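Two complexes follow with chain A in common, the first pairing it with chain B and the second with chain C.
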Partner chain A sequence: MTVKELSEKCKFKTAALPDGDREIDGCYIGDLLSWVMGRAEADCVWITIMSNLNIIAVASLADVSCIILSEGVTVDDSILKLAEEKDVNILLSDKKTYETAVAVYENI
Partner chain B sequence: MSESLTFHFDVDGEDFTSAGQASVQVKKNLRRLGIPPEIIRQVSIAMYEGEINMVIHAGGGVADVIVSENKIEIILEDHGPGIPDVELAMQEGYSTAPDSVRSLGFGAGMGLPNMKRYMDEMTIDSVVGKGTTIKMAVYLS
Partner chain C sequence: MKELSLNILDIAMNSVKAKADTVWVTLTETADTFTMSIADNGCGMKKDFLKTVTDPFSTTRTTRKVGMGIPFLKLAAEQTGGSFEIESKHESEYPDSHGTVTTAVFNKDSIDFTPLGDIVSTVTTLIQGSPDIHWVFKHTLPEGEISLDTDELKSVLGDVPLDNTEVILWIKGYLEEAYSETV
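Moving on to the complex of A and B:
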């Protein structure tokens, strides 16, 4: 399952998709960035409500397949621009974090 | 690779949002050298945590990444306030970061523990009022 396929299946909105063909393996949920870097595994989907610039570096360094911003959280254009530059996929979900995770679980 | 390669970075202590530039550059450099992806991930996360710590606590510092045949070393040096109790600082969840940093998702007391988690070796040499030097290494074979 690729990020693009997951986005279509779950009807997530695509905010940045520079690497849509990236394969997904697993899912991690967290808003404390160091916690995410310590526990998330490479290639997983990362669900968070944190939307500041630092999430791009965290996603890139932890090597996750995409960020899903849940609960209707949005991001600034400056962050989306950086995401495109750094090859970080960002999807948006209006669902609550739990429901977003369930949708991911049911589709990957 | 018979000789070691050193990458040197100045970590800007002023700009919190740009923290991570050195780590992302290290990631790119290691990828070019053909280092295995999981090792790259470990090194770049440890480096990022170090960078963030230097920005939060020490007003910046310098970082050197030394790649040799059998290991990758990271040396982080700052002239910040120092760590009064290293053992306490190494405990997961212990943090002295201000609330402004917490609101960005940092300051969870996981930085130093993450560095230890991902590296094979780590030593902290800190003098209160003088600064902190952290040496870390991960083995390649």
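Moving on to the complex of A and C:
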């Protein structure tokens, strides 16, 4: 399953998709960035409500396949621009974090 | 980070890397604010580099392209409605007064304020890891003050090194006692 396929199946919005063909393996949920940085595994989907600049760096370091911003969280254009630059995929979900995770679980 | 003491450890390690002789770790608390200041007399940063340190994609490390210590501290402070500031003088421009001061102010009333956590372990870890640095630790609370100056310890200890296990255990015990008497 690629990020692009997951996004279509779950009806997430794509905010930035510089690497839509990236394969997904697993899912991690967390909002404390330092915690996520050490624990999210490579290629997983990372679900969070944090939408500041630092999430791009954490996603890049942990090498996750994409960030899903849940609970209808929005994100600044400046951050999307950086995501494109750093090859970080960002999807948006209006569902609550738990329901977003369920949708990911049922589709990957 | 789950505890502010881990942020302090992280920022103080920057001072160690900057080859500081002296590092001042100053914590000042009022009823509703918590201010941490890490000051050193290390090599300092040039203006161009200083501008980039809060950017998560800059670092002094060569193994990875991002360094997160300062961005995380800035975020932690701003999440509480507080503030963050870093000032630095590079040794090339200020041969006699170089160094860096990192200051973060937190609002303790904010639900996103992270507790200080195990500050005693942080201070002892720093001293044990870099016993040749002059560490000046001071924590001022509304109830009183806790302080430790490793130069004062050295004058009493003479030739016994600061990273001697017994000395480290004594420092730990001293700080724990000071906290239990003050807080």
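Methods note: the second predicted complex is superposed on the first by the 108 of 108 C-alpha atoms of A that agree within 3 Å, B and C clash if a C-alpha of one lies under 4 Å from a C-alpha of the other, contacts with A are read in each partner's own complex, and residues count from 1 in each chain.
As a convention for this text, a contact is a pair of C-beta atoms (placed from the backbone, for glycine too) under 8 Å apart; a residue touches a chain by one contact, two chains touch by 3 or more.
Just so you know, these numbers come straight off a predicted model, no measurement behind them.
With chain A as the common reference for superposition, the partners chain B and chain C occupy clashing space. Contacts of A:37 after superposition on the shared chain: both chain B and chain C are touched. In the superposition on chain A, A:102 makes contact with neither chain B nor chain C. Between chain B and chain C, B touches the greater number of residues of chain A.
In the superposition on chain A, A:62 makes contact with chain B only, not with chain C.
Shared contact residues of chain A, touching chain B in one structure and chain C in the other: 32-35, 37, 52-54, 57-58, 60-61, 86.
Per the touch definition, chain A reaches chain C in the complex via residues 32-35, 37, 52-54, 56-58, 60-61, 86.
Those residues of chain A that touch chain B in the complex are listed here as 31-35, 37-38, 42, 50, 52-55, 57-58, 60-63, 86. For chain C in complex with chain A, the touching residues are 1-2, 6, 55-57, 64-66, 68, 71-72, 75. Against chain A, the residues of chain B that register as touching in their complex are 16-17, 19-20, 23-24, 27, 37-38, 41, 44-45, 48-49, 52, 104-106, 108, 110-111, 113-114, 117.
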